[in-house]
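The first chain written gets the first letter, and so on, giving A, B and C; residue counts start at 1 in each chain.
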Amino acid sequence: MKEILVLAEHRQGQWRDITFEMLSKARQLAESFGSEVHAVVLGKGVANSTDALRPMAHRVLLVEDERLEAFNSETYQTVLAQLITERKPLLTLIGHSTLGMDLAPNLAVQLKMPLATDCIGIDGKDGSFVLTRQIYGGKINSTVLFNKPGPYLVTLRAGTFPVLQRDSLQGDIIPLASPLTDGNLPKRFLAYVEAALGGVDITQADILVSVGRGIKGPENLPLVKEFAEAIGGTLSCSRPVVDKKWLPKGCQVGTSGKTVKPKIYLAVGISGAFQHIAGMKGAGTVIAINKDPKAPIFGVAHYGIVGDLFKIIPALKEKAKGLKQR
Amino acid sequence: MNIIVCVKRVPETAEADLVIDKTGRDVIKSGLVFDLNEWDSYAIEEAIRLKEKKEGHVTVISMGGEEANESLRKCLAMGADDAVRLTDPAFEGADGYATAKVLAESIGKLPFDLILTGTQAEDDGYGQVGGALAELLGIPHATVVNQIEVEGKKLKVHRELEGGLEEILEIDLPALLTIQTGINEPRYVSIMGIRKVAKKEIKVLGAKDLTLVANETGLSGSDTRIEKISFPPTTGAVKMIEGNPEEVALNVLNILKNKGGLA
Amino acid sequence: MMERQESIAQKFDLYGCYQCGKCTGGCPVTTRSRLNIRRLVLQGVLGKDLERLNERLELWDCTTCKTCTLRCPRDINPMNLIIGLRSTLVEQGQIPRTLIDALESVYKHGNPWGKPRNKRTDWVKDLPDSLKVKDFSQGEQAEFLLFVGCTASFDPRIQEIAKALTYNLQRAGIDFGILGNEEQCCGNEIRRMGEVGLFEELMQTNIEKFETYGIKQILTSCPHGFNVLKNEYPQETFTVVHGTQLLARCLEEGKLSFEKEIKKVVTYHDPCFLGKQNGIYDEPRALLRAIPGLTLKELDRSRERSLCCEGGGGRMWVEASSDSGPRLAEIRVRDAIELGAEMLITACPLCVLTLEDAVKTSGHEEHIRVMDVMELVAMALGRSTTGSAF
């Protein structure tokens, strides 16, 4: 049976978690039809880090090239196109990340491969695959099938597939020659840059830690802020906090403030007035901490904690230490 | 600068109660409110700002039924110069790839320096059409763009990466960019503004105007198809997390890892 | 012949202004905003300094309370100038994001709260079986149309007032029905935000609905809806009353009798759109004075001088442009507490929301409670509730 290729994703010297999630799922799939998982690593000076992948792959295909130092879909597409054309793997998995979104659709068209994106489920079936995708903002799941034979290309949603603890596959590292040549690329990577810290736009944050009147006073904000920073989140708030000038107006969530749609909305000491909820109802997952079990926020939260935020936030901060931001 | 913006009219589903239709492959659309795809509103706003800065021409194009006129007129009212609608029963059921093929055929005949699309659509969320379209047209592309600077025959763009990081790229024109929300503030379109463009012609193209054969468009031209849809297992009522602060903290961090993309 | 564009001075009839400053002197937001209506009128007259309007966020601070217009000795309407400038911004599309969301929501969903049309009558489902509400859109007929309003339909706090109102109406023997899910925004705030086109469409659709259902009498408990229906909709086919007017009349005619004593000291806040703009001061007070055990005290700034709570003119959907000065609603709450009131009563949903907010932000939840006249009347009529409003 043909192998499953998994494009390992790394940035600034770190493997991204989606890599391990995909490898784990790929192994499960490969075992179900007696195939192998081959991790594909493209980069410059990444050879030493491939040890982290060996336990989870039967082989690690390594293409090192100066031109692959930072991600550029132009170079990645050239290398992968050649790899896939030569090896004809049954399935190639790429993360549905900013890298995957820049790469997969183009690769699929170039090689005329069927592509299913942002999948939250994938199962093998009769030499093809059955995918699960979310539509209508996550309110509906769709079961998707391919209309033609493979090789197939699928991008997987991050944070969906668990990394299962298994015995090590002890995959060999196979260096491959880079097909890249010098020449002007129509797209050129210039630099990475951190988003400005001051005046952070809460509408663009993935994780919001939002405080309400329950925080009681501005002296308690640093505690929450440190926790927010530890998890790569941004501080936001409900209107009373801005009224009292504990936080600037730009942090306010609500009908007369900002509408936010983060992946996570952690409501700390917020009761959940109608006008506030209207500003955050689009959040992916809402976790609410409030000492009042009848607080309206629990009506829109996915997870609720009735408790003392002054005990829970310090515990969260403690446990969050050592968590890397992506 | 000639800019083409690809837009889509989508249903608003966040507050609506969805009902699965008889085919079991889509939801009942009647009763839903439709609007221009959110990402596309940022794309069209960006195109118009680019036009306002230097001289230019903005054409907006959409694949859809006659009701797509509503979204096209909104774009015209915002300041687009021309609108094109691609309508044909043969286009129905298209996935991201089939959609890109139809767009590529129609755009292929128009002069352009830059094509803008939204990063993804609110309904199906493929995030595929922009990239596929660029590949079919043989032009470079960049996705999830949140800043554009024009430097003669090339662009300097910022892409929004994960975790608050951005990357800066240089890209030669002609090119295609998929636009991320937050790149600008889309202007309001007033009712009077819509009335002013009510009489403006929207050019309509069908399958006969393109060189694609029947099985290259719509459902038969798609590489994927939806077999069935269903409601995800109900999260329903809020899940209460019990325990002492330490237990609660561990629980919450697990959720943050799974749903928030933490390390 | 060349067409001369009407100047701002001509369009808004500003030439009579002699810069006395009575407008700014009465403007409630002057203390906390760069908005200076007297100066704005002068700029309008001279046609000067009106560039880059979109940067002048203070234009959105105006609550359209109309104090300036009411005080003007030259019968000029400075408020209309502000609304007119807002219109210009609306047509240009350069207005705050939250206002765009509210306006688009009204266009798409018939209400500014982003809620779907088919959930407009959800509040009715909570009513006990004994309180049946007729629905014109379902083919039922009634003497009065109760125009519920967007805020009462969707905001959980104000839904409680709508429920109390229906109880009161039933007890008073009033034959009423609602438009159900076919009711949509009255357009008062929309017009004041400057979206003329949208207002015209709303008005048109609403009038057609009234005609379709043969509606001759409308009653509403929202002063904003009352104001626009009475003063800006064509008055040929229907009459409008405010809930307090109708119930005060019922009280006089002996159709209402208060059974339960409410031993509280209360004060009444005159909503701008009911009081100073439409002269309804006595009816709410008549209802309150008739409640046994209730002591009604008057705030210093009452009736025409009532201090605007900053809920009108689109202010529910846009933040004040500057941080300076306390919120007017907080001043109001403080005044009520100093007066010795245990309850601050009003007759407008937006006042209730802003005043309740102010009670919370000034930390006075233990000291004073905000309620609507309708809620007190229902209590005095002996309505039993398990609801959180009490």
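In this section, a residue touches a chain if its C-beta (ideal position, glycine included) is under 8 Å from a C-beta of that chain, and two chains touch if they have at least 3 such contacts.
Because the structure is a prediction, the values reported are computed rather than measured.
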>> As a test of whether you follow the contact definition, which chain pair has the most C-beta contact pairs?
In response: A-B
> Going by C-alpha centres, which chain is most central here?
Replying inline: B
> Counting in whole Å, what is the centre-to-centre distance of chain A and chain C, each centre being its mean C-alpha position?
Replying inline: 46
> Can you give the whole-Å distance between the Cα centres of chain A and chain B?
Replying inline: 20
>> From the mean C-alpha coordinate of chain B to that of chain C, what's the distance rounded to whole Å?
In response: 39
>> Could you pull out the residues of chain C that touch at least 2 other chains?
In response: 97, 114
> When you check chain B against every other chain, which residues touch at least two of them?
Replying inline: 15
> Which residues of chain C touch chain B in their complex?
Replying inline: 90-95, 97, 99-100, 103-104, 107-109, 114-116, 118-119, 195-198, 200-201
>> Which stretch or stretches of chain A touch chain B in the complex?
In response: 11, 16-17, 70-74, 96-98, 101-106, 108-110, 114-118, 130-131, 133-148, 158-159, 186-195, 201, 203-204, 206-207, 231-233, 263-264, 266, 281-282, 284-285, 287-288, 298-299, 301-307, 311-312, 314-316, 318-320, 323-326
> What residues of chain B sit close enough to touch chain A in their complex?
Replying inline: 11, 13-15, 18, 20, 25, 27, 96-97, 100, 119, 122-132, 134-136, 139-144, 156, 158-172, 175, 178, 181-182, 222-232, 235, 238-241, 245-246, 248-250, 252-253, 255-263
>> Going by the contact rule set out above, which residues of chain C touch chain A in the complex?
In response: 97-98, 101-102, 113-114, 154-157, 315-319, 323, 327, 353, 357, 360-361, 388
> Along chain A, where are the residues that touch chain C in the complex?
Replying inline: 213, 239-240, 242-245, 249, 252, 255-259, 273-275, 278, 294, 296
